[in-house]
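Chains: A, B, C and D, in written order; residue numbering restarts at 1 for each.
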Amino acid sequence: MNPLPLNLLPPGADYAAVMPLLWAFAAAVLVLIAEMFWPYRSRRGVGWLTIAALLAIAVLGRAPSEAVYFGPIALDGFSGWCNGLLCLVAALSVLMSLDTLEVNGVTRGEYYPLLLFAVAGGMVMAAATDLVVMFLGLETMSMAVYVLAGMGKARRRSNEASLKYFLLGAFASAFMLYGIALLYSQAGSTDLAAMAGLAGEGGTSAVTRLGAALLLVGFGFKIAAVPFHLWAPDVYEGAPSPVTAFMATVVKAAAFAALLRSVLLAMPWVAGELQTPLWVAAAATMTVGNLAALRQRSLKRMLAFSSVAHTGYLAMAVVAGTSEAAAALLFYLAAYAAMNLGAFAVMMLLADRGRPAENISDLAGLGRARPLAALAMTVCMLSLTGIPPLGGFVAKVSLFGAVLDAGFYTLVVVAVLNSVLSAAYYLGVIRAMYFDDADSVAAGGASAASRVLPSRPALTVSILLAALAVVLIGLSPSPLLGSSLRALASVAGF
Amino acid sequence: MVGPAHFMALSAALFFIGAAGVATRRNIVVIFMSVELMLNAANLAFVAVARGLGTMEGQVIVFFVMTLAAAEAAVGLAVILAMFRNRQTVDAGEISLLKW
Amino acid sequence: MVSAESWLRWIPLLPLLGAVLHVAVGYRVGRRATGVLACSVVGVSFLLALRAFSALVSAPEGAVLADDVYRWIAVAGFNIDVRLVLDSLSVVMCLVITGVGFLIHVYSTGYMAHDDDYARFFAYLNLFTSAMLVLVMADNLVLMFVGWEGVGLCSYLLIGFWYTDTAKASAGKKAFVVNRVGDAAFVLGTFLLFWALAPGASELGASDLGASSLRFADINAAAPGLSPGLVTAAALLLFVGATGKSAQIPLFVWLPDAMAGPTPVSALIHAATMVTAGVYMVARLNGLFEAAPAAMTVIAWVGAITALMAATVGVVQNDIKKVLAYSTVSQLGYMFMALGVGAFGAAVFHVMTHAFFKGLLFLGAGSVIHALHEEQDIREMGGLRAKTPVTWATFAVATLAIAGVPGLAGFFSKDAILAATFAGGHYGLWLIGLAGAALTAFYMTRLLRLVFFDSFRGDRERGEQAHESPRSMTIPLIVLAVLSVAGGYLGVPHALGGHDALGSFLAPSVSSAAHAGHALQLSMAVEWLLMLVSTTVVLGSMGFAWKLYAAGPDADVVVRGALGRAWQWMASAWRVDEAYERLLVRPIGRGAGFLWKSVDLGLIDRFADGVAMTAGVLAETWRRWNSGSVQHYALSLLAGALALVAAVLLGGGG
Amino acid sequence: MSELVFYLLAAITVLCALGVITRPNPVHSALFLVMTLFMLAVFYIILEAHLVAALQIIVYAGAVMVLFLFVITLLNLKGDPDEPAHPLLRIVAYAVAATLAAGVAIVLMGDAGVVPGGAGAGAVLAEGFGGTRALARILFTDYLVAFELTSVLLLVAVVGAVVLAQREPVAEAPLTETGEDA
């Protein structure tokens, strides 16, 4: 019996690889402690601390020129890029929640540390080169978000959202875990490096495909792909709005980042072996999302279904399986985060004192009452539709173009038709803001124009930042596109 | 002769029994128990594979899954509790404010 | 050949700047400043366009001014540049957009003077001008799409500018939905070209150009080398996009409804500029379309049939703006017919003259509506000649021009199209074109007579209050009237001793090498004969209408074939009229009524409703899927897992 | 191990699992779950996973299940029979799950050697396989990151559970939500 080795580090481990994660967890713990001692009245200070921490991690989480590893954690261009995206988007979502937590029923300060834990979990997902570590990162993030969704404790809708998300999330996680077990049985390891070798001569074994299928069930749930999407509208609607904004952007981005590294890059055979089901799922996801969104009166729920539809577009990159498509996916995630956060922020702006306003009709008259916010909302909606020259347009062009390049013409046609369809509800929002003023006042509705909206400076700033990002990404996409290409090129073995 | 494949098959049976439980039960506590059953089925698969391969990685993963299950139980039961405070029910059929 | 001119960017940027300023400070600076700002940015753009024009005129043939602003999208293998280009084709469009646009801006300062949302209106109008300029100055399809979507959006916003009731809301919606269908085709066509021109896509006859940039020059150059099926498919998809924006069969239905917007908008967007975007796009991509003869045939016939059908419909309309709307659809049909037979220069010539006289007609109609306090029914008008002399005179000039009376702009451009059609051997198309011309002359004469002549038939009080519009409105009318006469002399055909100055100026931009040879090879005598025929038909038609509508709107009853004493009396009074009546008017009146009812309202509306309803039912089904029950969701997830597992176990294995 | 013993134990396990999802009384379900977990511990011992078997009983069947029972009694769910779901839903769900189970089991059992060890005895085991020392060695070297990550996971769970389960210190009336229950 040998004694345990004194040096517990895995061979070739470089602490630099885990430093971003350590900073993130340290920040979460720090904010957790700070929150306990912070005077209740000035809780916003914790929020500012959180933003500062996120910005610092975004800087500290950048990748060195040469990829470094610490066991199953890689700090390469890809994880560095994702760190930046997750932290910046999360920082923006915190900025817009500073003024809006109370009105959305969130009274406890643990919101901030839990959000940081979720971001840290997402960073683990993007950096993990081992399925088990990726899974644990996913669970860390999910666990935090289950709680965040339920933080409007006094509100039954928030309770319900939390419960549904938790039950179905745990259900889907079990599928993912079982899939990992099956893949482990074939590869003899859960290391991603071993997964690429699963496609021997004569294709993959049935158990391998089964494992990949179950793994994709889990991912399908997290990214809200049809038919695993049903939770998303309910949870998005019920969760407090700042949390919904966080879920629709950061959580989605982290899930896609993990999907990229763990499936698209590590198991290139998946795109081939599961091509037909993935194709059908992508097409169904965008179609179902768009069709269901057409009928929504609640802005929040409409945005939830729109998020499902965008998952469908993004899933096309997984079908295509090329590095261009993957790079376009990363770019799309960034553009989508900006425009979606902007839309949620404007929705939160509508909240009265003590009452969130979440219906499309609540937007009536915003064009007159708050011209700049309405303009920002217009920019976001047009970008979501894919109208040039905004970020969403460039994202769609590069993504659709890459998918086309991979030879999936019919899928691109479906996607284009869906984009056309989606315009109907996105422009409905614009119409509500500019045209429905008179109607709504006549009907006795409380339009934005007639209500006194409290001033929310941080929220206003975040709206402008989001809209500005959408425009800038659209007008000058080259730096971001280039960086996403470099991020992918850096992943070892791709 | 009984080998790891038999245990894997058993784990599959347990896994989908749990899955059926999630889809059919209305008591959310029981739904949650069904999820626990599914996690345990996955654990059995990991242990069986570890036996078949002769390496212990699978057993280590089971250790993590148990931790996860404990964490999930803590959060899940808290979620149920928070829900119960406001609604006085654990019937999944009655929990549908959010729909369409 | 290509000279870099970095000031070109200011042509679209100035109106954009204007739009931004209106949004930012428009509500604070007052109406006068807003109006001056809105007009001056477009005016300066016009001056810049003039400068470009003079540079191009003095430069050797085929010169191009280009402004490389920056590289917009660069992903592996394909580059999209923001690059503005002015050649002889786009500079003509630019001059029309900024010139007519400037006049309409000036007119709007008077027309919209009492509107609450003055600044918002001018913000949209300036934004529109900017987008339209991007559309025509773009050097590649993607940048053109920026303008394409921009003008569509502004059109949508402006149609719905006066949202007061749900009926008007549906007009905006209709325009929007129909345009999106066209846009989808445009995008698909673009993607098809992108894929065909992408590096490495050599199968299916696609050519390898190194870098796919979707530049028009590259597309036109590469098109003959691509497989015919591919080119035809791309051309047809782009053409469907054009039918949406330019209101052709089958996507024309939105344009008449779009008249719900303010009248200057109808003049600028729905007559002079935006609706010609489709024509411009086809002319811009002449190399691609030339390489797809089948697509060209489709374009020619769609254009011709649209021209005829819309003209018949125009005969039975009673809303002054609707008559003009159908007339616009019909004139656009002529342009597409010209494109279809390869007469790109003639099409662009007609775009230009049409912008002058149709813009003038709409502005005149606006002036009439203004004078009569929002009355639009021509049966309630009449005798306005005395009350609004300037409007009357200019409107009359425009009517003569559009009808094709010799000496005015419309004559030359329409004649160029008909001659080209005949020269190409498309005698059927030529006949249809001629019939359309006759109808156009008919309904325009009817309009002119019912509005300005005889006695006022409407509400007496209204009639007495009728007054000429302010000078801000009449001066643009006069300028446009001058242009409606003079514009034609840019393209006087050789047969009449002219030099077809515009045609030869445009030639380097719109005729590909293959086509340059056989443009208009008609003998002088044949050309003279054709002109004589069309002139006779037009004048006859006008005279007939003039006489028929001496009876005022009651003549409509005759036209629609409702037999009555009036008809009997007319039939006996003018024997010639009777013959026309039996052979032409009644069938056409009926046909027009039939078309108007069954095609526009019945069939297409029902089709649209059907699509909307199907989508609605589907949407409802998907929505219901979200029953709210955790168990249903879990079951759905389980079923999805089953589907996925079945797919990999049964379907996979490969 | 003889097939007879395996199939007997497996049958008992499956029956217990079915008990979890079919018994109307949640307390019965919980007890059946405990039974299932015990049976799994037995299988772990058969599969030479001794430490895991011990943890299964101590952590799982012990701690986690006590938490479950605690909540059931706290919410006073005892004797509160679960109204069964819609029969059609149940039939469909059972059918789908059974199909999936059968399909996966057939694939796992079917091709020889698909699962390592297959129907054979499995690999030759090193000394100390399944013991604490061997497990700890992997846990603290190769899986160090994962191990640390679980600590974070537990921290998040603790914070989350406190946030959700703790009564608010200041009793506040539930905020009114427009449209609730509408």
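Please note the rule applied: contacts are C-beta pairs under 8 Å (C-beta built on N, C-alpha and C of every residue); 3 or more make two chains touch, one makes a residue touch a chain.
Bear in mind the structure is a predicted one, so any value in this text is a computation, not a measurement.
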Problem set entry | Of B-D and A-B, pair with higher C-beta contact tally | B-D
Exercise. Where the centre of all protein Cα atoms falls, which chain's Cα centre is nearest to that point?
Worked result: A
Problem set entry | Length of the line joining the C-alpha centres of subunit A and subunit B, rounded to whole Å | 26
Exercise. Hey, how far is the Cα centre of subunit B from the one of subunit D, in Å?
Worked result: 4
Exercise. If you average the CA atoms of subunit A and of subunit D, how many Å lie between those two points?
Worked result: 29
Seminar exercise, completed: Whole-Å distance, C-alpha centre of subunit B to that of subunit C, is 63
Exercise. Residue numbers in subunit B touching 2 or more other chains?
Worked result: 8, 15, 18-20, 22-26, 28, 31-32, 49, 52-53, 55, 57, 64, 68, 71-72, 75, 78-80, 82, 86, 92-93, 95-99
For this session: Would you give the residues of subunit D that are in contact with at least 2 other chains, written as numbers and ranges?
Result: 85, 89, 93, 96-97, 100, 104, 107-108, 114-116, 142-143, 146, 150, 153, 156-157, 160, 162-164, 174, 180
For this session: Could you check subunit A for residues that touch two or more other chains and list them?
Result: 132, 136, 139, 143, 146-147, 150, 153-157, 162-164, 167, 171, 175, 185, 188, 206, 210, 233-234
For this session: Once you've mapped the touching chain pairs, tell me: line, ring, star, complete or other?
Result: complete
Problem set entry | Touching residues (chain side subunit B, partner subunit A) in the complex | 8, 11, 15, 18-19, 22, 28, 31-32, 35, 38-39, 41-42, 45-46, 49, 52-53, 55, 57-58, 61, 64-65, 68, 71-72, 75-76, 78-80, 82-83, 86-87, 92, 95-99
Exercise. Which of the residues in subunit C come into contact with subunit B in the complex?
Worked result: 623-624, 626-631, 634-635, 638, 641
Exercise. Can you list the residues on subunit A that touch subunit B in the complex?
Worked result: 132, 136, 139, 143, 146-147, 150, 153-157, 159-164, 166-167, 170-171, 174-175, 177-178, 180-182, 184-185, 188-190, 233-235, 237-238
Exercise. Which residues, counting only subunit B, touch subunit D once they are in their complex?
Worked result: 1-10, 12-21, 23-27, 29-30, 32-34, 36-37, 40, 43-44, 47-57, 59-60, 62-64, 66-75, 77-82, 84, 86, 90-91, 93, 97
Exercise. For the complex, which residues does subunit A have touching subunit C?
Worked result: 163-164, 167-168, 171-172, 175, 203-204, 206, 209-210, 212-214, 216-217, 220-221, 226-228, 230-231, 233-234, 272-274, 276-277, 288, 291-292, 294-296, 324, 327-328, 371, 375, 382, 387-389, 394, 397-398, 400-402, 404-405, 409, 412-413, 416-417, 419-421, 423-424, 427, 431, 434-436, 438-439, 475-478, 481-482, 485
